[in-house]
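Each of the next two complexes has subunit A plus one other chain: subunit B in the first, subunit C in the second.
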Partner chain A sequence: MELFNNLMLASQLVLDPYVLLVILGSAMFGMLVGCIPGLTATMATALLVPITFFMPPVAAVAAIVTATAMAIFSGDIPGALLRMPGTPASAAYADEAYAMTRQGKAGTALGVGLVFSAIGGLIGTIILMSFAPALAEFALNFSSFEYFWLILLGLSGAVFIGSASALKAGVTLILGLLVAAVGMENPAAHPRFTFGNSELLGGVSLIPMMVGMFAVSEILRYMVNTNPDLRVETGRIGGIFSGVSDALRRYRMGLARGSLLGTAVGMQPGAGADMASWLSYAVSRKFSKEREKYGTGHVEGIAESSAANNSALAGAWVPALVFGIPGDSITAIAIGVLYLKGLNPGPTLFLYNPENIYAIFMVFVLANIIMLPLGWMVIKLAGNILRVPRNILMPVILLFCVVGAFAINNTVFGVTLMLFFGVLGFLLEENGFPVAPAILGVVLGRMLEENFVTSMIKADGNFLVFFERPISAVLGVVTLSIMLWPLAARLFRRGDRISKKAA
Partner chain B sequence: MRMNDAISGILLLILSASILIVVADYPTIPGQDIGPAAFPRLLGILLLIASLVLIFQGVRDRARGWIRLGEWTRSPRHLINVALVVGGLVFYILFSEELGFIPCGVLILSALFLSLRVRPVLVLPIAVLATLGIHTVFYQFLRVPLPWGLLQDMAW
Partner chain C sequence: MRKKILALSAAVLSAAVFLPMQAAQAAWPERPITFIVPWSAGGGTDAVARMLGTLLEKELGQPINVVNRTGGSGVVGHQAIASARPDGYTIGMVTIEIAMMHWQGLTNLTYRDYTPLGLVNVDPAGVQVAENSQYKSGKDIIEAARANPGRIKASGTAQGGVWHLALAGMLQAADVDPMAIQWVPSQGAAPALQDLMAGGVDLVTVSLPEAKSVVDAGRVRNLLVMDDERNPDNPDVPSIKEELGVEFALGTWRGVAAPAELPQDIADKLSAALEKVHASQEFRDFMAQRGFTPVWMNGADYQAFMAKNDEELGNLMKAIGMAK
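What follows is the complex of A and B.
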């Protein structure tokens, strides 16, 4: 009964013409951005955020959910046609899809990708809907100790699971946490690192920073790219939905496996759609009956990992909504938006505003449904979209960023922040420092400090208190083992080598 | 531009040292060990350790050179592109209030278009159209008070 009530209230929120228009608009936006190589799904989100700033909460979240779902699918299109994945989440199977294009089967590759993406997204959403409220109820009993460990778990996941160099990821994470420490909003309300600038008293404004890190740095990367633009070869794409029913019949196990694995990976802190798609491609190959066909233009792996990367999006929202802990940079941006809209994520959101939560679930469902017709259109138009001259597009996006960064506080200081973080993000990435941990650090910094300080005061110098409550003990042990694992592994390997030498 | 890890490490070392110096002056809360300095100090110490490890790794790998400049740093055209993006933003920060959004926007876009080899005939029309488009979305629809500057008298 309560569920029914919530769904009724939520549908009033979602089926509002304004919200529906926002969903449609951001869906087309996401499709286009994902389809243009060099513009990632994360960038789509960062560009949308300044606009969502002016929307009511449900519309704002709807815009982000829809745009990212579309961008993750449409990243497949340049992957298939140019062998240049539109977003990193399509990289795992870009070679395979391109091989199919060269055999004249681009339509099948993209059609199967589209349908499996939509179904994967829906399965992920169902898991999100059934899992999140139960988890929230459980999380109501959490104290500052549990939260401290949970946040730390999320952050160490980002550092140790999803990155090539744990040291460098750790450095960017600390930089992000330091950025969050700027300003007066800390437990002691003492202004920190403001350099006497009154605009920094409230902290580093999140939106200009994200626009800088994810959009301006991409623009800079385009500017220094010395490889000439790829020539688009679009022959006939072929029938889009012709191979789909056959694929659905043959790969229904793969569809289920990809969606489940994707959702699970998405829930992991620090691992998102990219990793879901790589893992799932590998798993699909391992269990396939036609393993030898992989890499030669075989649709099976594409099907399974397309389902996985879209379901990962929904999975990432589980920790985001329940604990306010993002699983990847897209949900980190989304959480920033939730805070700005006064919808502070956490278990109490489920208690006091369940209609908002159910509205977000409904948006997920809607987004994955309209993905089918819109995706079909974009595939049909792909030849034209890929030919969009990027030398015109990139400067226009830059000007758009300027206005977006300005619009948050209506001061030019936002543009200064954007420039600073844009150049910083560019330099960091050039030197192999991943940017995603930094954004997680910025979003989670205040929460981590608050729970850290509260816990420390409660503990009064006795660190064992951090492990006294059963759940916090489990979380603590898991977190510490993730952090110490690489060290232990290295020692173990060294010991092994020494003993071999001795023998 | 890829710097040897030792150089990144030294920069981070300087950063973490200055953080530790700055937070040393933060007030303490009477009767409590945890003040506003505690959390940033912890971060500063962690960053210090990380930067030392980076320096160590960088020195170990010094055979690969201290700074490897990307291909673009040898191409004047790409250097100009980067300079125009950064310079354009600095220009906007300094002069948008006086000149106004529309003149600044047209100027920045035209400069970038020219440098990115858009056909010269198209440069000005596209720059004006795009600027006006963005202006309409933000000024008319979202009510962002973009500065008029020089065009104050003909504001619409």
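What follows is the complex of A and C.
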């Protein structure tokens, strides 16, 4: 009965015309921000904060929840159409989606991304609603030891990403790790590879690097390519929802797996939608029946990681609401807004104002539902991009890239970085080295180093402590066995062959 | 006729050249003011700056554009404030890092490169332990650190960051080797608190507002606050003087400053507007909700405060081997 009362109160709060208008407005805002490379979901939140000062609590939270959900999805659109992921969370499968666009299947790639995003977001919300306190409790047991294994697990995923040889993927991964080492945000707080440049003290920012490696390299490739035949294949977007029902039927398991994994990753402080989407792309490939199709324009990985990155958004709210510990950079900002509105995060939030909590949950549901029609409209509109002749489109994209790279820190240095990594990305890809693992290396490199070094400090240099804590030990064994499996399998097979020969 | 035109155009020209300058000095502010924040959008410093900006806008009658110039661990933004034109149209938030970065050799910038307008906020460091910790008081920690140097692990920020210095300063004040508690670097207060609750470290030394939510949730306890008096928002947390019988105060602070050599009349106007805004109910409510402690010092006092802070932090950084 009490639950029913709370739900009634909450729906009164949410179904207020003002709140609904805020949801619609921030949905469109989020769609727009996500579409523009360089402007992330985090930035959408930050830009909304001053406006939320003047809103009642539920509307303020609704604005943030809706805008971020839209931005994470709409980051897929430029990723698929132009190979420039709108937000880092779309980077894991930008190549795959772009490959589909080149086969004239952009509609399917985006439609599946849209529907799986919405369902993933809904599943994440249901998990948030039903288990928030219990899950937050579990996530609180994670220390640097557990994170270290989790990140290592994510990195081993890099080997699965991209169709090129594992060796070449490994080389670019290590390149990414090297780039992550730049700056002074390392455990010793000592400036490394900065060459006396104060801009490099903070490290290489991910956005300019990502935009450079994906988009600028594509522009360069267009420039050197003298065959002007691209337009014919990419001229149409195809039906948006045509492949969706088929995908929903075939990738049920992937949908469930991606949503669960995304929520779990989102709950971890410091790991958000980006990591969720990389991890789940790798997992999807690992378990797929058609592993060889990955990287050639196969929708399965897109489906699973789209679900994962949107469910991660909901997951991140678990520790934020229960303990006031942000699960990602978006909730870090949102917690500030919660305080400002007198909704102090903590178990007491569930006791004193349960109707507000239920209202927030309802907003999550609404946001994911409204995503479908809005997303459909945006995809339709964005499809027009493909009809623009490439010799006009490419310079315009370059302009967008420059604006995005500048906007992230308001400095020209970002543009320089972007151009540098654009040329580097071009040279790498021309020689068969995939760039995606390099991005992953930068995303996770700093966390990897930090969690390793802090763990070693805590353990006084004893590596065995990585196996002393129960969760850490399990994660460690899983990670090591996944990493060593191919080697073991090869040895096994060779042993088998030798023994057969002997026989 | 021609002479007349020449004379007229000369008059217009000279008016065009000289008038705006006079006008600029007479009628400051006559165009929008840029407010630089050296930290990213959404953080605490950004929130304070945006609130100040909104209120200053009403006070000065000109738009205030808050611009985040992040990167370089604060160096880039602080540099941007210092090297702007001192005409009153660029001001910025200067934070405690200005008293630390130059000791590490990251920049030549110091507090001397600014015209201080006013200190707005100081959040003192605390000492926090997990709810089930074996350490029940500040004394327990000091005793344990003295008995077993290097055994206890603490966290809260990067190596040599402000909370690391707070820990070192507290130990030094209590006559224990400042390195007797091992520092575990972290990306900030939130991950450090998470690690505290997960059992990864024994204590953290972050500010009271940073620990507020987990303290309210009953997961973490404040053992003391590193200030001469108790904090008005946390009256049940003993001061370091009551707890350990030593005097030591360190907190992270935020102030507003302009580039050096700002004309005195503009500095006075800005400082007066800032003081008025700082005293306003809206600002007080905002600070109370975020758990930040508002403190006001005018330009001259702020200057003296920064000079003292600079020297203290320099000594602490030398003590833990972080100074160049």
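Throughout what follows, the second predicted complex is superposed on the first by the 280 of 503 C-alpha atoms of A that agree within 3 Å, B and C clash if a C-alpha of one lies under 4 Å from a C-alpha of the other, contacts with A are read in each partner's own complex, and residues count from 1 in each chain.
In this section, contacts are C-beta pairs under 8 Å (C-beta built on N, C-alpha and C of every residue); 3 or more make two chains touch, one makes a residue touch a chain.
The structure presented is a predicted model; accordingly, all values stated were derived computationally and were not measured.
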| item | value |
| --- | --- |
| Subunit B versus subunit C as contact partner of A:A188, first or second or both or neither | both |
| Subunit B versus subunit C as contact partner of A:N410, first or second or both or neither | both |
| Which superposed partner A:V171 touches (first subunit B, second subunit C, both, neither) | first |
| Partner chain(s) touched by A:V49 [first = subunit B, second = subunit C, both, neither] | second |
| First (subunit B), second (subunit C), both or neither touched by A:P326 | second |
| Which superposed partner A:N462 touches (first subunit B, second subunit C, both, neither) | neither |
| Doubly contacted residues of subunit A, that is, touched by subunit B and again by subunit C | 187-189, 410, 453, 457 |
| Residues of subunit B that touch subunit A when the two form their complex | 1-3, 8, 12, 19, 22-23, 26-27, 29, 32-36, 38-40, 43, 46-47, 50-51, 53-54, 57, 70-72, 75, 78, 81-82, 85-86, 88-90, 92-93, 96-97, 101, 105, 108-109, 112-113, 116-118, 126, 130-131, 134, 138, 142-146 |
| Subunit C residues touching subunit A - in the complex, by the definition given at the top | 40-42, 44, 46-47, 50-51, 54, 67-73, 75-76, 79, 104, 106-107, 153, 155, 158-161, 182, 184-187, 190-191, 193-195, 197-201, 212-214, 216-219, 286, 289-291, 322 |
| Complex contacts: residues of subunit A adjacent to subunit B | 51, 54, 167-168, 170-171, 174-175, 177-178, 181, 186-190, 192-193, 216, 219-220, 223-226, 389, 391-392, 394-396, 398-400, 402-403, 406-407, 410, 412, 415-416, 418-419, 422-423, 427, 430-433, 449, 452-453, 456-457, 461 |
| Residue ranges of subunit A touching subunit C (in the complex, touch as defined) | 42-43, 45-47, 49-50, 53, 140-146, 184-185, 187-189, 191, 198-202, 205, 269-270, 319, 322-326, 329, 332-333, 335-336, 339-340, 342, 344-348, 409-411, 413, 450, 453-454, 457-458 |
